[in-house]
Amino acid sequence: MIWQLDLLILTLVVICGIGAIMVRDLLGAAILFGAYSFMMCLLWAIMGAVDVAFTEASVGAGVSTVFFVSAVYHTTRRTKD
Amino acid sequence: MKILGLVIVALVGSVLIYATVDFPPFADPESPASLHVSPRYIEKSLDETAVPNVVTAVLADYRSFDTMFETTVIFAAGVACFLLLRIPRRRPPGPRHFRHRLTGLTFRVKDGENGKEIFLPLREFEPVDSVWTPHDFIIEKVCRYMIPFIQLFGLYVIAHGHHSPGGGFQGGVILGAAIILLSVSHNLRTALKRMREKTGALCSALGVFIFAGTGALCLALGYNYLDYRALAALLPGGPIMARSHGMLLVEIGVGVAVMGTMVWIFKNLASLGRYDEGL
Amino acid sequence: MEPLYSIMPLIAVLVSLGVVPILMSSRSANVREAWTFGAAALKFLIVLSMLPTVLEGRVLVCTIAEVLPGVAIRLRVDALGMLFALVASSLWIITSAYSIGYMRGLKEHGQTRYFCFFALALSATIGAAFSANLFTLYLFYEMLSFATYPLVTHHQDAEARRSGRKYLLYIVGTSIGLVLPAMVVAYYLSGTLEFSGHGFLPASSSPILLGVLLFMFLFGFAKAAIMPLHAWLPAAMVAPTPVSALLHAVAVVKVGVFCILRVLTEVFGVELLASLNLGTAVAYVAAFTIIVASLIALTQDELKRLLAFSTIGQLSYIVLGVALLTPKGITGGMVHIAMHAFGKITLFFCAGAIFVATGKKYISQMAGIGKQMPLTMAAFFIGVLSVIGLPPTGGFVSKWYLVLGTLPADQWSMLIVILTSSLLNAAYFFPILYRAFFRQEDQSRNDVAVGEAPLWCLVPLMITAVGCILLFFYPFIFLRLAELAGS
Amino acid sequence: MEDILRLIIEKYNYWIYITLMMIGLYAIIAKNNLVKKIVGMNILQTAVILFFVSIGVKRGATVPIIEHAHDGAHHAIRAAEYINPLPHVLMLTAIVVSVATLGVALVIAIKTYQRFLTLEEDEILKQIREP
Amino acid sequence: MSEHYPALLVILPLLASFFISAAGWFRPVLCFPFTVAGLAGSLLVSLGLLGDVMSGGPVSYRFAGWDPPWGIYYRVDHLNALVLAVVSVVGFINLLAARSSVEKEFPEKAGPFYTLYVLFMTGLLGMVVTGDAFNLYVLLEIAAITGYALIALGKGRAPLSSLHYIFMGTIGASFYLLGVGYLYIVTGSLNMEDIARLLPPLYESKVVTAAFVILMVGVWLKMGFFPLHAWLPNAYTHAPSPVSSLVAPLMTKVMVYVMIRMVVTVFTLDFAFTFLGLNDAVVWLAVVAIVMGSLLALSEKDVKRMLTYIVVAEVGYMVGGFWLGNSAGFTGAVLHILNDALMTLCLFLAVGNIVHVKGNSRMESLPGLFRTMPWTMAALVVGALSIIGVPPTCGFFSKWYLLLGALEAGHYGFLAALLFSSLVSVVLFFRIFEVGYFEPLGGSHGSAHGDDEHVVREAPLGMLVPLWITALGLILVGLYTGEIVGRVIRHAVPAMML
């Protein structure tokens, strides 16, 4: 485990998380959420949880994001907050 | 609402921080979690189940009952999406749109006399929605060539889950993602041709059934539920290998269920239950 | 003596419950009434069949289900219960007859429902009479509350709705708000709720707690209409008269009083009450109710309301008698259940008969009515005598015992209360009789010739009036039962 | 001071999970947009998963896949050499649950949108109050 | 076969779900029979289990043949045997009643509806029977996800209510999971009994305290305990009637069971009552829950919504009763799980019938109902009497034990709250009955007072029969309270409370 990398990714995770709920565009939020999931997946891979990381990569960063995008596509991108 | 949110967050956060102080240090090999139950999994699983990937062994054998319900959760979510979104009604009468495959020209076709539908040869024309949907040649082609490899990889992940990271769930998601990719890069109709709605839905239920059925088979053979040793009566290799085989069977079930459900949920979400063009 | 296990009490309770489905399914009025009668007669016979055993001093017991540790739904026929059941079941027959006349005479709607709930209410009354413990008593008490609600609000109009609301508020409010916690406390203190002839509350508990408990029970059983929780009774007079008659002269209010008697004699026990001097406190509350209710009755113009206030006063006689804690007083109080029931039901029947025949509800309209309806008013006169407590009517017997009861207790003030209230009773009843017999009716409204009420109404009230007189000469069964219960 | 610093550094994974959890919780409670709330919900769930995965970490241990499994030479496996696999198993399940919840939540959000034509909670509530 | 009962209990509905789902695609007519078969199977099994437990003591089952701390382990003692029977009975009766509504409201989606129905039941039954803290989480999510979907099926604002339920439910479940994680980090185990064995030396640890708090908050969120109840009324009101009458009686009760199980088996009473000493605070919270639930119910104009607030108040009964910390309170709480499940089922079924005939359950649609729907209203009366607590309906007896427990604990606030809520229930229900009884059917006042003309427009028999089974069940359970307490619940009372 390289702690500098670890710390960097942890910070990025938090940034992506905050970004996902702050950005005023739902599509952007969805993509940021995908990035968040991907960071998370990296983090877990670093921590040795390869199976979990694998799952998160395919589910969190992959399928979840697609779900989000299709939901946003069928509703609206507009948001007030 | 914002203030309430902050107050609640502060309250919960303080409880969590309060507790964290007493946590065993991070990554401590002497922490209780590392000493009590898990050592047995690491030390014995190879002997007891003949599966080197401890995660798979625990997932599909020691705690297989959890995993069965995990599959059930996914199945339930699929059924839920279907129940809520799917619009079972037939297409409302009115003009339809077709695109000529070669030229990309779009035709508007009205229904014939007495509401009879006019069929165009689907080899040359494809139905499209009234809204214009772009199609990109490069993406279509690249994806078309990638998808078989993705699927192959998915199968590998399921099959090789005993020895490397992966297993039914991850493989199932990858297989499902392949279909999703197809419908994103082309359109939903194309994906529906590859995997009809009924097939996906039945896969979803069938996967759960394979899992639960394997357990019930063990029960029928006189062992406890999901005790794969029972399968030694049917498969070669003795009780330990039977556990390994049982796990494979179960992982296949999980894979089938997850693939079917992921596609199923996506189809409903992407077309609002109408099963037309999709995204 | 050993209790006798018998299923008879259960049958007695269930008889009227059993006819409910038949009543509901029958479309014909005649069939319905025949069944009502049959059930009433059967119930009376069953009750009567148990009388000899009870007179021997034995009790009959029937356990239905053991619901809580140490508490069962259990029926037990003892002397006091027998006394009450005899009164209620015999009067049910008469009231059934009267109901038929009244309901047909006025062409009331919803007669099926009426008879169903009537039967249900009777079941609950007999059940209360035969309860073997406080819990069973409470069960039937509540059952009676809810079964009588549709009867009270039978007219289904705005006034009935208001009165029904008041009725529920008082009755159910007090039973849940006061009796239930009191019962839980009693169970907590003693671990049992069983009646056994003497109190089960441990004498060692704190006197303040016991005092509070006693008053929770006293006011909690608001059916007894002890002031200040009496207001529901005049309000409930919107009900059809047979309901008022049976339920508010016999069943409902008497169940309330009966519950208080049970609490005084079986939960606390005479010794405990005497040692804590709580009897006197209860007696004062009762005395207050007697006097105030009589005074209010003086001001009433609607006959049924007047009767209601008279009932409130009379009920407190019973409580007063027992609260004196002397043998004669207890006997007097218990016998008064029967005596007052016969007297008051006669009066209600008369009021109803007047209403059926003439449509009149107010005393001020009743001038000269004694000439038009001589039989009814004669019965009314007998009822009045009984309620005031003058010979030759049954009311005299109970009042005599009450007066005797005050003497050994040195309760001169109570004696004065009883005598004063008798005078007040006379003061509010005699003007009615005077108006009925000696005043001429207004000539302007004399164009319609009015006769007696229909026979179905008239006969029952004659029977009860005769009953009042008979009870003066033959009160022995009731006296014997009351003495058995008091000893 | 040094103690606090050590506490912070020693458990920084735990602090991050608490931060993420608070972000998620805040989004669910305070955000107005339904999809934002769903995002927050997912962040909350991943935070819990991060916590569990952090429990499993062991210094000096490797991924829980036993090497040289079938090479015949059977030497004793020491638990300290491998990362605790149990939290991983649990979290696989938790991820699945979270994606299932996500799917259902999005579908219901779409249903809500179809009915009210907005995803803003305050606007929906306004529509309900004054139809 | 009987040694496999704990597994069969959960497996039968799960296997049925496959057949129902498949039948939905090929022969939709078969969906309902498959559902009935699956749930009837698990009903029989649960009754068999109850019998086994009553005669032979607790039963346990090792899944996949692994021993407890390593494998998943189910354990059935008197407490969960009773709750299992309740859950399966309620689910089965409601299923029978659901058929007519489903055929009327969403005939083409019967397949997925019944699939979710059995999965919901699977989740609940599993939650009750499991002895593994994490397994409980998974089953909780099954029940939750199916519940969300079923609730969102309703009309009007149902999707929004369901979405709120999802948010709150997910927070609750995540908190639960986090609590389990906290326990895991200090003990290293997930098996409930194993955790209980390892915990005592760790009581001083802040982690255990925090785990307890978080876990309780999570569970309370799920059951709608007072300050955390905001999602409940909307979700249960706007759900389709067969769903409300399924979710409302069961979900809260099962969560109460989970709370009891967690405190009794995992943390042990020593920790929760003696070490933390939170009882008084929680009981006061329950008092607030009861009072507020009753008051909020008073302000409602819709019968179904009013019932949901009654559910909130009833949750207060059970939580408060348990936290009184004595035998009578515990008995009352457990008995109330049984009674309240039946009572709310009865009431929601009755309201479901009204909705089926009238289209909604607002006060305006009630006039004249005693005349047009006598059977439904009569059953509603029975249910109401039970909620009020009138003997011999079962509601009285649990209230009795609760009162006794409050008295024993010297907690007069709780005692007063119980009585208060009973009185409020009288007002609540008689308000309904007054409208149904006094206000005439049509506009004109006189017409309803005519002759006994029969204008009966009842719900279909398929809905009436289950309703009346439940209503009679209320009385029977009341009469057999002594048996139930003496033979089952008394053995479930933890030794420390005796």
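Odds and ends about this structure:
The first chain written gets the first letter, and so on, giving A, B, C, D and E; residue counts start at 1 in each chain.
Everything that follows uses one rule, which is that a residue touches a chain if its C-beta (ideal position, glycine included) is under 8 Å from a C-beta of that chain, and two chains touch if they have at least 3 such contacts.
Predicted model only: the values in this text are computed from it and were never measured.
If you take chain D and chain E together, the chains in touch with both are B. Taken together, chain B and chain C share the touching chains E. Interface comparison, C-E versus B-D: the pair with the greater number of contacting C-beta pairs is B-D. Centroids built from CA atoms put chain C at 78 Å from chain A.
Chain geometry summary: the mean Cα position of chain A and that of chain E are 37 Å apart. Remark: chain A and chain B have CA centroids separated by 19 Å (rounded to whole angstrom).
One inter-chain figure worth recording: chain B and chain E are separated by 32 Å, centre to centre, where each centre is the mean of the chain's CA atoms. In chain A, 50-51, 55, 59, 63, 67, 71, 74 are the positions where the chain touches two or more neighbouring chains simultaneously. Taken residue by residue, chain D touches two or more other chains at 12-13, 21, 25-26, 32, 54-57, 61, 63-65, 86-88, 90, 92-93, 96-97, 99-101, 103-104, 106-111, whereas all remaining positions touch fewer. Chains touching one another, given as pairs, are A-B, A-D, B-D, B-E, C-E, D-E. On the chain B side of its complex with chain E, the touching residues are 15-16, 18-19, 21-24, 31-38, 40-41, 61-66, 68-70, 72-73, 75-77, 79-84, 86, 88, 198, 201-202, 204-206, 208-209, 212-213, 215-216, 219, 223-229.
Partner chain A is touched in their complex by these residues of chain B: 27, 53, 55-56, 59, 157, 165-167, 169-170, 173-174, 176-177, 180, 184, 262, 265-266, 269-270, 272, 279. The residues of chain B lying in touch with chain D in their complex are 1-2, 4-6, 8-9, 12-13, 16-17, 20-21, 23, 25-29, 31, 33-34, 37-39, 41-43, 45-46, 52-55, 58-59, 63, 66-67, 69-71, 73-74, 76-78, 80-81, 84-85, 163-165, 169, 258, 265, 268-269, 272. Against chain B, in their complex, chain E makes its touches with residues 4, 7-8, 11, 14-15, 17-18, 21-22, 25, 61-66, 69-72, 108-109, 112-113, 115-116, 119, 122, 126, 132, 134-135, 138-139, 141-142, 145-146, 148-149, 152-153, 182, 184-190, 194, 198, 205-207, 209-211, 213-214.
Interface of chain D with chain E (complex): residues 21, 25, 28, 34, 37, 41, 44-45, 48, 51-52, 55, 86-87, 90, 93-94, 97, 100-101, 104-105, 107-109, 111-112, 115-116, 121, 124, 128.
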